[in-house]
Every structure is written in structure tokens, then in C-alpha cells.
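Shared between the two complexes below is chain A, which has chain B as its partner in the first and chain C in the second.
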Partner chain A sequence: MRYNSVYLLKRLGFAFITLYVAITLNFLLPRLMGGDPASALASEKALGSQEVVKALKAQFGLDNPSLLYQYAKYLNQLLHGNLGVSYANYPSPVADVMVKALPWTFGTVLTATLLSYLVGWLIGIRGAWKAGSLFDNSTLFTAFFLNSVPFFWIAIIFIMIFSFYLEWFPLGQAIDPGIDSFSALDKIKSVLYHAFLPVFTLIIATLAGHILVLRNNLMRVLSEDYMLLAKAKGLSAARRKYAYGARNALLPSFTGFMTSLGHVIGGAITTEIVFSYPGVGLVTFNAILNHDYPLIQGSFLFIAVSVIVCNLIADLVYPLIDPRVALN
Partner chain B sequence: MSKLLQVQNLSIEYASPRGVVKAVDNVSFSIGKGEIFGLAGESGCGKSTTAFGICRLLRPPARLAGGSVVLDGIELTELPDEQFDKLRWSKMSIVLQSAMNNLNPVLKIRSQLMDAIVAHEPDAGKEAAKRAEQLMRLVDLPADRLDSYPHELSGGMRQRVVIAMAMAMKPSLVIMDEPTTALDVVVQNGIIRKILELQEQFGFSILFITHDLPLMLEMCDRIGIMYAGRLVEIASRQEMKSGPRHPYTQGLLHSFPPLYGPKRRLEGIPGHPPDLIRPPGGCRFHPRCARAMTQCSSREPAVLADERGQVACHLYNEEGLSVEQASAARE
Partner chain C sequence: MSWGKRKKPLKSIAAFVLALGLLSGCSSAGSPNQAASPASKGGAAEPAKPAEPAKKGEPVIYHLGETVNPEQVTNFNPFLATGNWSTFFDYVFDSLYYFNPVKGQLVPRLADGEGKWSDDNKTYTVKLNLKAKWHDGKPFTADDVLYSFNILKSNKALDRYQLWGEGRLADVSAQGSDAIAFKLSKQFPSLPYYLTTVYIVPKAQFEKENAAEFLNKAPIGTGPFKFRSVNESAIVLDKNADYFLGAPNIDQLFINRFNNSSTLTLALEKGDVQGSTGTVAMPSVPKLLENPVNKLQVYPGLNTFSVIINNEKPALSDMAVRKAIQLALDRKSLIEKGESNGVFPANPGFLSSVFGDAVESKLIDDPAYGYNTNESIKLLEAAGYKKNAKGIYEKGGKPLSFTYHMAANAPAQNKEGAMITSWLKEIGIETTVKLVTWPELTKLLMSGDYELLQNGIQTPPDPQAMLEIFHSKMTAPNGTTAPGLNYMRFRDADVDKWLDEASSADAAKRKELYKQVQNRIAEKAPLAVMYNVGGHIPYRTDKFTGYNEDLPVTSALSLKQVKSK
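What follows is the complex of A and B.
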């Protein structure tokens, strides 16, 4: 093992502190937005009586105006794994709403993130290795173009062309309405059919950054003396390209990659809105519109935990892939 | 002494937005078997570029513009890349400046020593591991350092590793480009001793590049002096010590303080090296030369080769006498 228990404990401790701060901020932020969701909910459901509003407030923990009281109640609930009840989806618990949205987000955003990094890195490596070639110039040009186009615009254009005019893909949703009567194979087909365009859009939107970063990193590595020496040694092009070049060029991208993985769970809000895709992003967006504190908090909590966990993993894995990182 | 390396009229150019830079212009020299040949000159005179041109390591925009390089009877400039790659390291290895980044930071020393061997002998396997240990012993490093990463070694140890690496395939020529420049004097001394010891043991030839002239006078058999892309003088160590002929060489030698003997004023050379896109006509050194004559700015000096070496300067005519001496002899 390349690291000791002190390092491990330090990283873990740091992760816990970050988590605590995140939870506290998570509690405070929605309350700064103002509005009284209990009254709104009561009137919306035509339950105008004072008693109902009062009961709802008690259920949501809003009966005591003291922030400290609400905070203590929130922490206590969290410790018991209770994320509260969604206002907007009353009486569904937040956990249920999240669990319903999570698989969709995982399936699309995780796939898109992994593919985007993989393809972006491969293109970046090849471009830098053959710097100045036709391949390099055309990928560079495309990457700069994609990088300067707003992402939602790409998504809208894709929907317009592929879903609206060509009708190759659906306009929204993650699965066909009558899904329950489908066979397993048809279900899979339907899911893939609905997921394709959002995934493709996400890849297109993030690919350019990965290409440019890796190409730049590798260009810098290629000018190092050890690359010259590797060539002088008569090493094969493959060994120079991967074990000497890409291996070093990928190091700075690793942390970014892990952070992206951490954000997967938050979904891709823009994509999910444009494609009406029922993932965590859309749930969060609607929760904010509805002043749905518990749901906002639940969603942010999921995101915070996953980002913190992924960063922790990055911290623990990085010393294994870069021997220069000191471990004390 | 039979010739191991023969460089004829080597020219190397860089394309730059302002025009073509003639970094190396018609350079010719040869290195005998087991000889240590030094190449010296100011920064940017083309000495490293010459070395990289010989071992085909020029990076664009640098390119070979002409000339021939013959190593052990093989014309290198016309060799296809695949054949050249086979020749690399087995016939000719290099040691670069002892900066941190000579070694791949993410690979262990063992793997970097072995991959050089395995690249040329794919079946070496276990034997390559054994050879890696021998190589470490060769440069007085403990074999357990094979499992270290480069950053865990001191600068001197890293340079020893690089030298050990250069010995891996028992090459006949080792090109050393400022191998001790980044090291402190004490470590430098140890490295130089080690290089000389290995050279004695294996009998390879060395092309030694440095701007440290006193060091060169210490260890090289013959020395070539480059100025602005041209080789202006070649002479044996003894000739260099007793009296170099080219005014530039003289200036260069006077730029270093003597360790022994009476104190003297350091002269240095006034001015700066020229712009190689538009080098001065005639002898490239004439704008800085205290002994410049009228023909120096118009005519390129011919190379005079005699028993004292070779020199390209108008001060010396065919007989190797200075012009003053020649005119005195005629009267």
C-alpha cells in the first residue's frame, strides 16, 4: 500500500467536514428563497382551513419559526434516513421521488460522461501525437466550434431536426406510455430509443472540452526530455504514445474526470428540461419552481454526497497513479 | 585511428515566421573509435542541434537540409525510419542534460532500464532484469534503487541512471549533451569520472557537448569549436591548451578564469552572436572579431586542415601561417 492510515483518516475527516458544511448550507439556502409552501399547498389543494395549514406546517417542521429548531429537526431526520415529504408531490416522501428519477439520470448522464471522456481523450491523444495533421486540424476546429456554441441551443436544434422534422426520435420522456404491456426486449428498446438523443447531445456538449484539455496536456508532455530519450532508446511508437505520453498527460485530467462522475447524480438539468427527461435534473428544477424545500434539499444532498465521495475516491486513487504525490 | 563517425557538410534549418534559420551550416568532422570528441560554443551556436541531427531527433520545425552522416560504415541520413530505430541505442545512445525530466516520472527505474533492452531484444525477458541490475552496479547505484521512481533519487543519482541506461546496449557511440550542466560541481566531478571510467572499460566513442570549455580541455581528445552554426576550429586538446588559432576560440578560452598561474583580466568577447536568419556575410565572426580584415566581411574563409587540426579563418593561409608571417616569409 502506498499510503498510511494517517493519510486515510485525514482524507476521511476532511470529507466528513465538507459533508457537514454542505448539509448545513443545504438547510439554509432554500429558506432564503422566501415563500410559505405550507399555505401554498393548502390553498392549492383547497384545504383552506387554518387547522389544515397548521397540521401541514407541523408535518413539515415549519410550526416553529426558530431556524435553530428547524435545523435540529432536519439533522435529526437525516440521521434517521428520513429526507422528509415532498410538498409538491404530497404525500410522497422525498426519497421515493428521488429513487424514481435516479435510474434515468444514471443511465443517461453516466453513459454520456464515460463515453465523452473516452472518445474525447482518444481524439485528443491522436491529435497531439499527429499535431498539425488533417485529423488534428479538423478535430481542433470542430472542438473550438462546439465549445463556443451554447449547449441548450444544440439540444433544441437536435430536437427540432431529429425529433420534430425527421421524427427519428421521440420529443420527450424516457419511455413509452403503455410500457407495462411491453415485453422485456421492447422495454429495453423503448428506453434506448428515448435515451439516445439526450445522451448524444450530452456527449457533443462535453466532448470538445475533453479533446482540447487532453491535446494540450499531451503536447506539453511531448516536449519533455523523457519523450526525446524514449525515442532515442528506440522504443516502439505505441509505448512512447501511451506509457510515456498519454500516461503522463492523463494525470491532470483524472481529478476532473472524478468530479464529473460526482456530478452525474445531479443529472444534466438543461438536457433533461429540453428533452422532458424525468431524471434528477428535471426533478430538481421543478422542486425549485415549486418552493419544494424537502425535495430541493434531498436532491442537493444526493449531489453533495456523490461529489464528496467521488472526490474522496480521487484523493485515494491519485497517489496510486502519480507516484510523485506525497503521502504524509 | 579508424573512423567511427563521419559527418560531412551537415546542414540543419529551422523554418520560422521571419525566415529560414540556418542553425547548422556545412559542418564536417569525424570521431575515431574510442575517441572523446568535444563540441563547444556559446548557447545557440548549433552544437546540440548538430547532435540531434546526427541521431535523428530533430523536432519540427527543425529539419535536415543536407549533408551526410556515416556511422560505422552506414549512411544514416538515407536510412528508413524502421531501420534507424533498430540502430538507436544499440549503436548510438544519448545522455541529455541532467534536468529532472530526463526520466519518465510515472515509471520505475527498472521499467525504464528494461524497456530499452526489450525494445531491441524482445525475448530478453528475465535476462533484461538481470542486466538492469548490472547496469545499476556499473554506475555505483544499489540494485534496490531499481524500484524507485525518478523523483525519489537525487539529481546526481538520476544522471547516473541515465548514463547506465545509455550503456544498456553497449553502443559504439554515446552522445552526451551537457550531461553535467545542471549538477553541482562535486557531483559533476563524480559523474565525469564515471563517464571516463566506463569509456575506458567499454571503449565507446563520445560526442561530448558543453559550453564548459575548461571541462572539455580536461577530458576530450579533440575539440571542435562552433560559432553561429559553423565549425570554426578543430584541434587536439594539447593544441587547444597551447594555442588555439581562431580568434573566436581564443576569445572563448579567455572568457574563463585560469585556476593556476598569475591573475589576468577576463576579456570575454564583445557583442552578441548574430541573427541566424540573416547571418553576416563572409566570416560570421567578423563583426565581433578584434583582428578582422577587409576580406573577412566579403569572403567566407576556407577551411585549412593541417597536422595541428583545422581552422576556418583568413588569418591563416594554405601553409598554416598567419598572414603576417606569410608576408614576412615572402619578402
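What follows is the complex of A and C.
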């Protein structure tokens, strides 16, 4: 056993405290925006009628203006696994809205994150091993360039080139509009076809960071004495590169990788908006615009929980992969 | 060089980047803040693709595009204010009458012709068109109409236009099997307009549910299109071959869902969609229209964007200051530069052109209420204001310095706000711009916690309701929530009297009174109108023909006439 129960309890306790703070902030932040959804709706759709405002407030559970009351109600609901009812989707519950959006985000962002790390790391390893080569210089230049280009810019360029001018891919959306009459195989094909450009964009846009971090880490590791010793021992290049070099260089990237996994659930707002993709990012963005408190809370809760859980896993796994980490 | 042969990718990319870069268009259609994205789609578009007639046996599909976000397809219950895309109901359901904003007229849908007023003008009887049938084949009956109106009575939150409010409906009852009598507690000549706001639902389906919470995932209507399915990319409708007003020519209507106007406009340019119900990136319109197959239908509507003035705030309670603001607005520039001619000129007397001869139309171009900064300055000086060292007019040591609220995340609105505040500066009025969210703008208006605020005011299709936003019964002092849309805190005893009189007068007298009200509003400038927003509908004519331009071209009644070329 590499870690003791005190370490475990500390990490768990820290995760719970973080979760509680996140839940409380989730409750407070949307309410700091000003304006209430019932009044806005009544003004827009019911001539500002105060009767309708009253009825809507009762419907939304906003009839008691006390923040403390609303907070207690929110916590109580959460403890019962109830995320509440979305205002903008009323009477649909928040959970239903999130469940609909989650698969799209998972499919695209998770795939893109995994592929981006894999490709980024492989390029980084090769670049560091052959530092100064044409491959290293060109990937380094490209990585710096991509790292400095805004995310949405890449998405828009790709849409204009591949969708508008070359017409290889659709302009956006997640599936073909007529998908309901497709066979199961065609449905899968349609999903993959529509997901290609968003996933590809996400990979390209996030790749640079992974290449640079791993390349620099590996460069540092390669200059260590034990690498020289390994070479002197006559170990093969592949063994030195992967088992000695990359293994140690990957350690700092591991936490970054786990944090990225935690953020998968938050989606990629920009990509989802540019590609008209129906994921969690878009739902969250619209919820903020609509002052849809329960939905904002629900979506931030999902994000907070996933980030905290992934960080906790990283904390627990790290001592196993890096015994140098002090456990006390 | 003909349209579309020379491609300008860089220009197009730059424009699209700007349009999307600010991530502005991600909301539903209907108001300029959403419809007007910040930059133009500059480059040339694809040349018109040759019409591809549907192969024999293949359904003819019309692809409509619209910004329909995930939160707009969570229910298909026409009574609910949230969770749906209201335009959907026009295709699948019918109301008794349809308000045609192009002509400003009521068109019978489930009603059989115009209704009849009783001698005391307190009962309006509508004959029903019993040829109508529900999409499941069941007959449409008077009971369905009774249910649809009575359910509003028992659910206040559903009665959004307060049909059962004070002085309005007292009872709705069947007169035999084919007529409905709407009994009023007081005379309410605007009732027929309000009948356009209630979609008739099948009683048999709805009475089993709680109408205030029913998601109606499989809607059954009487309308020209039947609901087939909804997915992440489209709402799919089939033609209703038995539609009592004539079956559509197209077999299917796909409402393609986008979440921003820029991508929708690209899809329109590419020919992926044939039209929208009103959303388009306005700055892209001039380029879009260079291709002769693309058209834009513009008509007035019920939403008037204005600089809303808080008439109770110091200095703004002075009519001279309000008039100076009114005259400092170059409405023509706002329409051309801010909205790319996709909106209608507004009436300084506020009533929308959609109401035809009830409108005091001479006010629209009257130079007395038009752009004239010299006159603004004259008015301020005549009222005793003097320029201080900073070039701002002041009286009694108090400069004309106001907060100017407008929506954040709305580039077209912000551009127009910048134009307006610079004009105000020209006439010696200083402003401090504050950007807030749309719901917060509403909250400020309701509470009166603002000085100048740029926003639209939308009313039902009823001239009385549109002018009653100036009635003192619709307002409350600053700090108290206004009970109606008189956010300006404007009070004028004559306006109240004329509106009260109009609420029970005959048609000719009403028009006369409305004109009096409009003249008074233009004269007292409780707000400074910018432009009127109705429809600006882009549509392509390369593959489909038969649009009825006397109606909004992508409305249900027009689309049912559209056919493949």
C-alpha cells in the first residue's frame, strides 16, 4: 500500500469541501446577474402583467424572495437528487435537459481530448528525442502558431473551407435533419460525419499545448544523469525513450490530462456554438442568457462534480505512478 | 462578372469570423438583437444551383432554417410561455383568426368568416369552420374551442394576454354546434385581435393532462402541417392532406435548427435551406440579395425599439429635454447602418404601421419630429439650459448627464447605442453607457431604476394595447413595479381619457381617438422611437415558387401554397 488512510481521508475531505463551496457558488453566482426570469418573461410575453409575474414566480418557486429560503430549498432538492425544473424549458426538469445534451458533449469532447493528448504526446516525444530536427522545428513552429490562434477562429476557418467552399462536411448540426427515416447504420454514419469537423477542430486547437508541455518535460528528463547512465548501460533507444524518458516526462502532464477529462462534461461552448452542436456547452451558454438559475446550477454542478472527481482520482493515482510524492 | 463566379474566401472568412467571433447570434429569432449579427458575410456566394426536381415518388421537402435552440423544443404545448418555439404552432395548430402583419388584417382560420357583435357590443359570436379535422382524424368541435379558452381562465400563468382580465371575457359558451359566443364584462372592441393569440387544442387530448405542465410531445393540431418528429437538427412536419383550407403542395416541411444567425445565413446562401421565418445576419443581407434568387420580405410589426426615457427622473421630466433627445435621433441612419434596411420606420406617435388607417402616418416623416440637432439645441437653450465648460448643457448647476442602459452581447444594439450617444453628445447631453443582460433591462424598466434605456417594447396585435403603454394605469412611481408596459412613467390626463373612450367606441371614433393620442405622444416625446421591427424574411426562389407575398412568405398559409419548380 503506497498511501495511508490519513492521506485518503484528507483528499476525500478536501474534495467534499470543494464540492460544497462549488455548490454554494453555483447557487449565488447566477443570482448576482440581476433581473429575474419571471419578470422578463411577463414583460416579453404578457404585457408586463404583474398577475402573470406572480403566477410565473409561484410556478418557478421564486415567490419567496429570501435567498436563504431558496438556498435551503436548493440544498434540500440536491440531497434528494433533484436538480429542479428549468425556467427556460419549463416544465421540463433540469436533469432531462442535461441528459439530452450530455451524450453529444461526451462523444465529441471526450474523443477529442483523448486523441489530442495521444497525438500531442507522441509528437512531443518524437520532437524532444530528435530536438533540433526538421520534424521538431516544424512541429514546434506549428504548435506555437496554433497555440496563439483563437479557438473559434480555427473552427470558423474550417467551416468556411471544408463546409462552405469544398462542401465536404455539413455547415454544422449533429445529425442529418432527416435522420428519423435512416437505417441504424446510416444514423451512425451521419453522427460520425457531422462530428468529424468539431472533433478535428478541437484536436487541432488543443494539440499545441500537449506537444509543447511534453516536449519540454522530456527535454528536461533527457538531460538527467540517469538517462546518460541508461545509455551507458547499453539500453535500447526505444526503452530509453519510452520507459525511461516518456514515463517520467508524462508525470506532470498526467494531472493536466485528468483535469481536462474533468472539463469534458463542460463541453466546448465555442465549438458547439460555431458548429450549431447540441451539447452541454450550448445549454449552459443559453441558460446564462436566459437567467435560467436551475439549469445554470445543474450544469455547473455536473462540471464541478466531474472536475472534483477527476482531480480526486488524479490525487489518488499519482502516488502510485510517482512514488516520490510525499504522502504525509 | 456574374454573381457567385468569383469566390472571395478571405473576405468571407473575415466576415464570418467577426459575426461568430462575438458569439452574438445564439438566441431565438424575432428581435434585431438576435437577427442582426455584427458583420457582413462579405464574399460572393455559391451561384444559384439549378433546381433539382424531386424524383418521381420522392417526397418534395421544403427546408426552412431557424434559430431553434434546445430549450425551444422541450414541449409542444401552445399554452406555455417557455420551452417551445412559438412559430411552430402556426404550422401545426390553428387559432380562430390569424393576424396577418403584412396587411394588418385578420384572416379566418378555424373561424368561418368575420364574427358578429351583439347590439350592446358586449358579445362577439364567431361561427366555426367545422370542415376542420384534427390530425388524428377526429372531428373538430365547438367543445375544443370552449376548452382552449376556458383553460386560460383557470390558469393565470397561461392567460398571457389577460383575456380573462378585468373588463374582458366574462364567459365563453357554445351557440349550437357551430358557433361560439364570447361574452364580455365591458365593451372590448379589440377582442377579435386577441382571438389570434389562442391556439385551439384538442380537448380530448388535453383534458387528461394538466395543461400548465403538459409537454405534448406528440402534438395533434388542425393546421396545414402534421408533426412527425423532432431531432437535434430539425423539426420534421408532414403535409396535412386533409387541411380544410387546402392541402399544402409540398410533402414535408423540415425546420432546420441552428443556434446562430451567421451559420443560418451561410446555409441560406449555400442553398441548404430555402428561407427562414425571420432570422438572418442583417449585415449579410446586401450581399445575399446580389444573388437574384434570394429575396427579402420586410413588413412592419409589433415591436418598436426606442430610447425609453424615464419621465420621472430629474431633467427628463422636462419636455424640452425629451424633445431634444427625440430630435437628436437620426432614425434613417439607424435603419440603414444599424439594421441594414431590415426594419420599418417607426412612428413618433408609436402606433405601428401594421394598423393601417388607424395610424397617424404623417408623423413618420414629419420634420417636426425628425432628425434636427439644431432644433434640439434651440429647444434646450429656450428652456434655460446653458453649456458648461465641458460642452454639456446644464441648468441650476446640474448638467444633462444620464445613464444609458442597453443590452450586452448584442452587437447591432451596441452599434446603434454608440450612434445615439454620440448624437446626444453633439447636442450637449452626456451619457454613461451601461451594458446589462436582456432580463436585467426588463427589471430596470419595471422598477424605474434607469434614466435612458434602449430596448424594444412589444405588444399584442391590438392598436389599443399598443397605445395603452402610455396610459397612467399601466405605470407606477419609480421604485414601484409598473403594472404594465408604461415603463416611461408617462402621465397625461388627455391620453388616459382618449384611450378610455376608445376602449368602448365604434371603429371610426376609435381611429380618431387613436390619432389624437399619437399626436400627443409625438409632441410630448415620452420616449424617442428608433425603428419598428416586424418581419425581415429571407427566402430563395430557385427551387420553389408560389410564395404568397401578401402574407409573411414563410408563414403556414403561404408555405402551403409553395410548390417545387
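As a working rule, the second predicted complex is superposed on the first by the 315 of 328 C-alpha atoms of A that agree within 3 Å, B and C clash if a C-alpha of one lies under 4 Å from a C-alpha of the other, contacts with A are read in each partner's own complex, and residues count from 1 in each chain.
Operating definition for what follows: contacts are C-beta pairs under 8 Å (C-beta built on N, C-alpha and C of every residue); 3 or more make two chains touch, one makes a residue touch a chain.
Only a predicted model underlies this, so the values are computations on that prediction, with no experimental measurement involved.
Participant: Given the superposition on chain A, are chain B and chain C in a clash or a fit?
Facilitator: Pair status: fit.
Participant: Going by the contact rule set out at the top, does A:161 touch chain B (first), chain C (second), both, or neither?
Facilitator: The second partner, chain C, only.
Participant: Is A:216 in contact with chain B, with chain C, with both, or with neither (first, second, both, neither)?
Facilitator: Once the two structures are laid over each other on A, A:216 reaches no partner at all.
Participant: According to the stated criteria, A:147 is in contact with first (chain B), second (chain C), both, or neither; which is it?
Facilitator: A:147 sits against neither chain B nor chain C.
Participant: Regarding the shared-chain residue A:306, is it in contact with chain B (first), chain C (second), both, or neither?
Facilitator: neither
Participant: Just checking: does A:111 make contact with chain B only, chain C only, both, or neither of them? Give me first, second, both or neither.
Facilitator: Neither: A:111 stays clear of chain B and chain C.
Participant: Name the chain, either chain B or chain C, that contacts more residues of chain A.
Facilitator: For chain A, the partner with the higher number of touched residues is C.
Participant: Would you check which partner chain A:232 touches, where first means chain B only, second means chain C only, and both and neither mean what they say?
Facilitator: first
Participant: Looking at A:77, would you say it contacts chain B, chain C, both, or neither? Reply first, second, both or neither.
Facilitator: neither
Participant: Angle chain B-chain A-chain C between C-alpha centres, in steps of 10 degrees?
Facilitator: Approximately 150 degrees at the chain A centre.
Participant: With the two structures laid over each other on chain A, which partner does A:321 touch: chain B (first), chain C (second), both, or neither?
Facilitator: First partner only.
Participant: Examine A:92 and indicate which partner it touches, taking first as chain B and second as chain C; both and neither are also allowed.
Facilitator: Second partner only, chain C.
Participant: Just to confirm the value: shortest Cα separation between chain B and chain C in the superposed three-chain model, in whole Å.
Facilitator: Superposed on chain A, the two chains' closest C-alpha atoms are separated by 42 Å.
Participant: How about chain A: which of its residues touch chain B in the complex?
Facilitator: Counting only chain A, the residues touching chain B are 132, 223-226, 228-236, 239, 243-244, 247-248, 251, 321-324.
Participant: Give every residue of chain B touching chain A within the complex, in rising order.
Facilitator: Against chain A, the touching part of chain B is residues 55, 57, 59-60, 85-90, 93-94, 96-97, 99, 101-107, 115-116, 119-120, 149, 151, 162, 165.
Participant: Could you list, by residue number, the parts of chain A that touch chain C in their complex?
Facilitator: 33-37, 39-41, 43-56, 58-59, 86-92, 96-97, 100-101, 104, 150, 152-153, 156-157, 159-161, 164-165, 167, 171-180, 270, 272-276, 278, 282-283, 285-287, 289-292
Participant: Per the contact definition, I'd like the list of chain C residues that touch chain A in the complex.
Facilitator: The touching residues are 7, 9, 12-13, 16-17, 20-21, 23, 26-27, 61, 63, 69-71, 74-75, 80-83, 155-157, 159-162, 165, 212-213, 215, 228-229, 231-234, 236, 254, 256-260, 263, 266-267, 270, 272, 409, 436-443, 445-446, 458-460, 465, 474, 481-485, 487.
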